Amino acid sequence: MIARRGLIVGASVLPFVRSAFAQDAYKAPASEHALNLVNLLELEQQASSVLTPGAFGYIAGGAGDEWTLHENRRAFDDTQIIPRRLAGFGLPDLSTTVLGAKMALPVIISPMAGQGLVHVSAEAGTAKGAGLAGAVFSAPTMSNVTLEDIARATQGPKWFQLYYAKDPGLNRAWIKRIEAAGYGAIIFTVDLEFPGNREADRRNNFSFPTSLPFANLDGPARDGGFGGLRDVVKGNLSWDDLSFLRKESKLPIIVKGILSPADAKLCVERGASAVQVSNHGGRQLDGVQAAIRALPAIVDAVGSQVPIIMDGGIRRGIDVFKALALGASAVAIGRPALYGLALGGAAGVKSVLDKLKAELMLAMKLSGCASIAGITRAHVT
Amino acid sequence: MIARRGLIVGASVLPFVRSAFAQDAYKAPASEHALNLVNLLELEQQASSVLTPGAFGYIAGGAGDEWTLHENRRAFDDTQIIPRRLAGFGLPDLSTTVLGAKMALPVIISPMAGQGLVHVSAEAGTAKGAGLAGAVFSAPTMSNVTLEDIARATQGPKWFQLYYAKDPGLNRAWIKRIEAAGYGAIIFTVDLEFPGNREADRRNNFSFPTSLPFANLDGPARDGGFGGLRDVVKGNLSWDDLSFLRKESKLPIIVKGILSPADAKLCVERGASAVQVSNHGGRQLDGVQAAIRALPAIVDAVGSQVPIIMDGGIRRGIDVFKALALGASAVAIGRPALYGLALGGAAGVKSVLDKLKAELMLAMKLSGCASIAGITRAHVT
Amino acid sequence: MIARRGLIVGASVLPFVRSAFAQDAYKAPASEHALNLVNLLELEQQASSVLTPGAFGYIAGGAGDEWTLHENRRAFDDTQIIPRRLAGFGLPDLSTTVLGAKMALPVIISPMAGQGLVHVSAEAGTAKGAGLAGAVFSAPTMSNVTLEDIARATQGPKWFQLYYAKDPGLNRAWIKRIEAAGYGAIIFTVDLEFPGNREADRRNNFSFPTSLPFANLDGPARDGGFGGLRDVVKGNLSWDDLSFLRKESKLPIIVKGILSPADAKLCVERGASAVQVSNHGGRQLDGVQAAIRALPAIVDAVGSQVPIIMDGGIRRGIDVFKALALGASAVAIGRPALYGLALGGAAGVKSVLDKLKAELMLAMKLSGCASIAGITRAHVT
Amino acid sequence: MIARRGLIVGASVLPFVRSAFAQDAYKAPASEHALNLVNLLELEQQASSVLTPGAFGYIAGGAGDEWTLHENRRAFDDTQIIPRRLAGFGLPDLSTTVLGAKMALPVIISPMAGQGLVHVSAEAGTAKGAGLAGAVFSAPTMSNVTLEDIARATQGPKWFQLYYAKDPGLNRAWIKRIEAAGYGAIIFTVDLEFPGNREADRRNNFSFPTSLPFANLDGPARDGGFGGLRDVVKGNLSWDDLSFLRKESKLPIIVKGILSPADAKLCVERGASAVQVSNHGGRQLDGVQAAIRALPAIVDAVGSQVPIIMDGGIRRGIDVFKALALGASAVAIGRPALYGLALGGAAGVKSVLDKLKAELMLAMKLSGCASIAGITRAHVT
């Protein structure tokens, strides 16, 4: 990296150069401890104090006016719980199985790129924390730890998010690695063909630290920050690409980023094993529907055929409850997991999931739902 | 209590010890005087100045984000009054009878635990104030005064809220005491099988003072704060428990905490004499419907068979009016009564009820309703 | 004024007597000049600086939480104008005739008691200003100037608001005086049988100055402030009272204070010549519908039989336009006229009406309505 | 102008006089450079710092309470995007053709009077910037540069907004000049027969600088500020005037300022080539519908017969996308272009359009729309 910056290093200037180097190498937090949380909402403010403004802005921010980012949460208020009473059970059972993955709670960690930005353990830490809590971990293609190391880090179920490459050979190679490493499903993200309009990043002049390589990649893309993505990833994805994945792997395929019922139907026609209703956390196109609002129509369209996963704004146990009541089989969370990682490493991630679990338990107990399957559309209005 | 803290008391240190003891023993307000109220809404701020932050937070707070707590009040705005004119009467008659209880106004004091927290007279003070104003007092199982003393404190109608015990024998014993003390109905609270997520209590590190014993209980539960509840109260309530109560007592049974029409129908099928639409003042599960919004569907379901009581957010005479117009036979209030108790003892409770009565009188007079029965769904939109 | 204050006093007690007496005699503003207004909304703040806090609070305030007071204005936003183009006329004609009263603009000054509170000219000033602008003036029973003096003060149309007395003889006597003085209609106010819950007055400890007599009354009620009303005015009004008025006078009768279509129909059945949709400016029962929201159903019920007048929240020419588009024949304003009176006497009242006229002219011109009759329900959505 | 002010100019006082003259002559900004924009919303604050308060208020302000001004933007939130995925294309094609005008993006600069107020290059600068970006420029009748000079300033498509004159001969003369200068369409503005109620201008005591002549006019109107308009422009426009234009020119005619479907149908019946849904940027009659809300019904009424253009509140690429999805063929922007002109001249205007283009590209890419025609009502909800 010194060379890249073209510094002519000599003895006399070495101290200065070292200092420059130290400044250049991004330093992520390294805490490892459980968090004493009151709720997940307070994590954001806490995380902002351990991350650089640029890194925090990159994670917390959304696209454009952040209307969709905020609507993702606000829209939960439009659905209200109608609890049932005297259900005659003690504590509810939160476990469930989605696409063969046995989970202690119906929660998945969304695939998120470059988690080395928030903690030295990167994706390995998040994966470990997820496994300890019994949640599914979704490994991103753009991880700072190899997918094999991530797989080894968690005892729990794990899925892999594939950034579909221009090169079919590379896709095939990745699929082999994914299957060999024991991932249980492939997540095909379809809403990231072009980077969203993240104004916080522009204002912060943020770029991903080049000192955090993308460990699954080779060549320039590995060390080039997100800029390198464009050379590798296919920018004109089509339904045939889904068919390609379907043909090349026996793993279940989850298509992530669906907001229209018509697309959901096409996913199923092309062999998708599940659909993930998502607007990418409000980070891609501002002005699209809140995920929780888009959910019911997609459940109506294909919910009887494949499991529906939903992400976008989940911060409370009652949010999980509402999503499940509206037909989701499980939900995914993103930012709160990263904040947990930033604040406490794997233990922090576990704390976040445990808190969500406790809140979902309470929501189920106090609304008369003894099991995940017992949460139905009749429980909301 | 001195012993519990392990203090070795000797002559020389006695003053200090006494001081420590005084600090340990919770000191509730002891004022006894009528309140000069403009309205019930201003009580909360006033009460906050005579209670400890922990006690105030425990009473004023709600579950989670307090969405339901606030929605309980906001939702009243969705119902608007359509007054009638030239009705030809002088002053309206606010009296009514519910389950045999003759009331000067259609208002009940909700059962609330541990009222010794806000006033030295505890439940006896609230009961006395309710009786003076002509309102029903609902005695809680978890009172700091015995249910017999409460019964003696009020000249007015009184009901008893039963925390259903694990031990059938204890339930039978309580029923006998309730009947013997002259209570006119049993309130079966069904939404408190598990403590709600009260974040204010966590932030305040609040626990119920152990110096305030629960006078109806025996053994460790008596002095253990709310923690002792878990050993006594049944946490997996079922419809059979309602049948048990129905069988064991001749008193009318009010099932409190119903928010779904389906449950309301089951209540009636199992012999309930009344249904109380309630979300426990937004204190149990955040995200449930406002009580006033849940009311109409429940009235439609069972309102022709049993009286419907409603609580949640009642602060104004027009709130009572709206609830009655939507089909409630009476409403219950909680926090405002406690604030009145904190600020003025029994006289304060009476002031609160008198103010509500005056406002309801005005609402009836100015909308052309000469009697409680005259308030109909045609008076709102 | 000095004479009225009886200031010829003996030397020794002069300081004390003067002070006591001066405090008693209320001093209203006395300015007489046109106002340079940008709009009517800014009047309130300006008026607050020339009135005592008590007087201002009495005028500006509403009942209870002032929800209806504010909703009266907010609800206008729910109706939006759909303008038409290329209508081929120059300037619109704002004149209209309601119940035989020829008006230069479809605006009436609402009856308001005790206008001596805001200006030394009292109702005579408001009446004069209304006449100069071509608006109808509604004289209140509780005026500080006799109804005969009011009648002489205006060149324009004038109506009289009758506070229906307990004593039929007094009603007959008033009707004779009203007819003799040349009033063109009787306004029968039916929403004031009991004083509303004006909390501002309680907080300000406001009572109407006893130094401002009610000039139409005799005996103790004349000098007793509003308290004297109770002895004179009937508090249990009935439909028969409307029939009495219908029988005793040939003048058109406007029933003011109607919010329900059912009452509107009864008014017409009992011989009312017009219905005034009104919630008394949000001053009587808080929680009732905004007047503009109540209007359409009443127009649907009786609008084809009698003219409908509407008041409540009119501050802009577009508000008048919307009310007329929804079926009103004219609107009434209250507070803005009083503010104009306070700030500039009769000239101030004229300024207020002229501004409203200019804004209505603009609304009609820019929406393609050449005349009052040309404003239809098709012009709003 | 010196003469008009009656200055007796002599050698000795010349410097002073010159100075006085320089102060009198309005000085508009003169910057010429591209802008580094994050989005169009931040332009307003930036422009406020380079314009006089009066000029800024005149441009930024709306009529009355500015409800429609703000609703124009807020109402976009009521329409949400439903993106499609896996559409199989690379980058979308934003080009389109409306009324024969080939545009690089479906955006038109609205006609706006007196652009010399914000930049020394006036309309020539805006036209040049529009042409560089590939947008249509709409020249106003009331320009500070002659329509011929404007035409020469842009390489792109250009339309002319005609203020219809009282004198048919003047209209014919203008039409000849318009056609001769190569304008491709006539915009007939029908919502400006009378100046709107711009309160900011009243508060700022703003009048258009007389030192900025209206270059297309002759005689007193040329130098008289907006006041001169009244003598020239017809104030009682009718449908026959549209027929006159239709008869006198072969150019397509766009009727601008339509908000009702009925008027839209009349436009088509009278030979209009396009309809522009507009409320004049909230500057004429406050309280009318937001343009984006008025759009769908007008599309339903005549969208199959003529192109529909829409303006009002467009600030984001997603706003353009929503308008097109609801049936518009193109949108027009006003204030943002003026702000770009004020801040950077022609280059600033180009920057504004380029930013909007980039955002629209992103919206199309991320919602699966490869072309303008591919944006359909199925893409919004």
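Order of writing sets the labels: A, B, C and D. Residues in every chain begin at 1.
Going forward, a residue touches a chain if its C-beta (ideal position, glycine included) is under 8 Å from a C-beta of that chain, and two chains touch if they have at least 3 such contacts.
Quick caveat, the model's predicted, so the values are computed rather than measured.
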Same or different residue numbers at the chain B/chain C copy interface, by half rule: different
Between chain D and chain B, distance of the C-alpha-averaged centres to the nearest whole Å: 62
Chain A-chain D separation of Cα centroids, rounded to whole Å: 44
Where chain A touches two or more other chains at once, by residue number: none
Category of the chain touch graph - line, ring, star, complete, other: ring
Of all residues in chain C, those that touch chain D in their complex: 38-39, 41, 76-77, 80-90, 316, 318, 321-322, 359, 362-363, 365-367, 378, 381
Residue ranges of chain B touching chain A (in the complex, touch as defined): 64-65, 67, 190-191, 193-194, 196-197, 199, 202-203, 235-242, 255, 257-260, 262-263, 266, 284-289, 293-294
